[in-house]
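Given below, in the form of structure tokens, are the structures.
Heads up, the next two complexes both have subunit A, just with different partners, subunit B and then subunit C.
Now for the complex of A and B:
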């Protein structure tokens, strides 16, 4: 009797353990899928914030001009280039390839930033 | 940046426009000051000083206009401007035209020394000064001279 109880307990523990093992990766995938694939960079007071942004490949980065004056977002290697962004205007770009993408404002070239897509 | 790429060198952070603009502004404002004082004191030497300052202002405005238009066409790809950038472009063009007009008025009289400078030039110069100041103000605002760094 005692042996059958302990065997049943072991089996239950195994089932629970297997369940937990199976659920683990699934829950990680779910949380990864729930993460928004968009990131925001704010342009304010003549600077990009954050200056350096690390994103997974496939992420769309949106730059929003919160400054009083116009700015642009231009990648150094010409991968992307926005039009002139007035106050509250946005520009988005999806990083479909891995790499480092330094960019600047062509009106105020001292303003620089970097997106690292991994 | 390649050192022998003219376009890149001229547009390197298109600072040329921001630097060069100081020359015609200073020369034109000085010319108008000389002209007003020359008119007030009837001093021909001041009028001559005004003329030569105007000549230099009219000449130095050319690379300023060229570098500004080049920045618009190359850096901003000639896109339709609006807001402060458009106002800066519009006022800059009007200022340039008025500076050349004032210079032409002085040049015409200088070619005919018996003629005297027409008095209607004074309000034109006043308007031109106002436009130059407004254009410079917007340019300073755009360039971020009040911003960090």
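Now for the complex of A and C:
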């Protein structure tokens, strides 16, 4: 599981790297908007922070579990689903479409959050 | 320190039987060594120090079993760096019981991350228990990443659905339920329609006098919904059990002992063998609670249950690992 997470991280880093180099029309677009291409959500004390996040389409959001207990990040409408994240493990998802994406921890379903991509 | 705690237990409750009003006292003792007997729906409670004075019938049940819970094998954070050691201590406690239990119930969170080696370690440690037979229900930590496939292969070969089943021992009907699957955003534990239908059918033909023991991971009563400590559709399950004179519900998940009586139903949660969690609402989150190392074993434990045939009685006794 760690392997797949780090591979995803590497892929994200490569994409970012390419973006920085200005390779390809997509990254051109992103830099033209001058918005950060990555955003962070921290999991602390059984809650997502920020609980609601607005991002430009194309942004990669990375969740980091900082609790002593494993959590997951699962989109309510099945757009994305992380493996279980142990302490300090991360999950990333790139929001390539506009929309509201409610999500929760499938282990502790009282934990809910929302990403709005526009 | 532990001597001091023991003294408190022994001297604090030299009471005799108490009625339901006195039950709160019993709740307060739970985890520090109370002995609760349900007779004809009326709960009586004795302190452990008075156990020798009780008649042998009460003390020596005809059916004796132990509940252990939340062993979280694989957990290695500050709240307990040695969950192997504390599970072994729990097995030692079981093996030291005056009345050897005939079997054990494990009410879930066997593993911390559903890893095969975590289950293997628990299985290996439990093999050293005097009670060879162990009945399991899954906790949410046992069904991570694969919707419970591995759990079913290991523990639920003969179970229905996602792992529910029933069996009979000496006239007591046991029902193991699964309320950790298909959890919905914002919700609590869930039994689901298929399992509820099965339960209704499972108990339909039983005599009303049959003592029922229901065990599941997440509490089947609303302990603290803000932290997810409850089950959405447990009321429906309990409705099917209303006709029975004696229903005992055993849960885990909240890593602390708690009891409640509602009509003929007694609800009880067991301590964890791994780490304690805070009392409802007493912390920012229900995460693992770190206590001073020398106190850890006093907040972990096992639960011993005795049934005396013909007396309609189930006695639930919590013992800490200290």
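In the analysis below, the second predicted complex is superposed on the first by the 83 of 118 C-alpha atoms of A that agree within 3 Å, B and C clash if a C-alpha of one lies under 4 Å from a C-alpha of the other, contacts with A are read in each partner's own complex, and residues count from 1 in each chain.
The rule we apply is simple: contacts are C-beta pairs under 8 Å (C-beta built on N, C-alpha and C of every residue); 3 or more make two chains touch, one makes a residue touch a chain.
Remember, it's a predicted structure, so these values are computed and weren't measured experimentally.
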item: Subunit C versus subunit B on the shared subunit A, clash or fit after superposition; value: clash
item: First (subunit B), second (subunit C), both or neither touched by A:76; value: second
item: First (subunit B), second (subunit C), both or neither touched by A:107; value: both
item: Partner chain in contact with A:84 - subunit B first, subunit C second, else both or neither; value: both
item: Winner by number of subunit A residues touched, once subunit B and subunit C are compared; value: C
item: Subunit B versus subunit C as contact partner of A:51, first or second or both or neither; value: neither
item: Contacts of A:98 with subunit B and subunit C, given as first, second, both or neither; value: neither
item: On subunit A, the residue positions that both subunit B and subunit C contact, one per complex; value: 45-47, 69-70, 72, 83-84, 86, 106-110
item: For the subunit B and subunit A complex, residues of the former touching the latter; value: 13-14, 75-77, 79, 81-85, 141-144, 147-149
item: In the complex, subunit A residues that touch subunit C; value: 1, 45-47, 67-70, 72, 76, 83-84, 86-87, 102-104, 106-110, 112
item: Touch list for subunit C against partner subunit A, complex; value: 77-79, 112-114, 140-141, 144-145, 183-188, 226-228, 284-288
item: Subunit B-touching residues of subunit A, taken from the complex the two chains share; value: 45-47, 69-70, 72, 81, 83-84, 86, 106-110
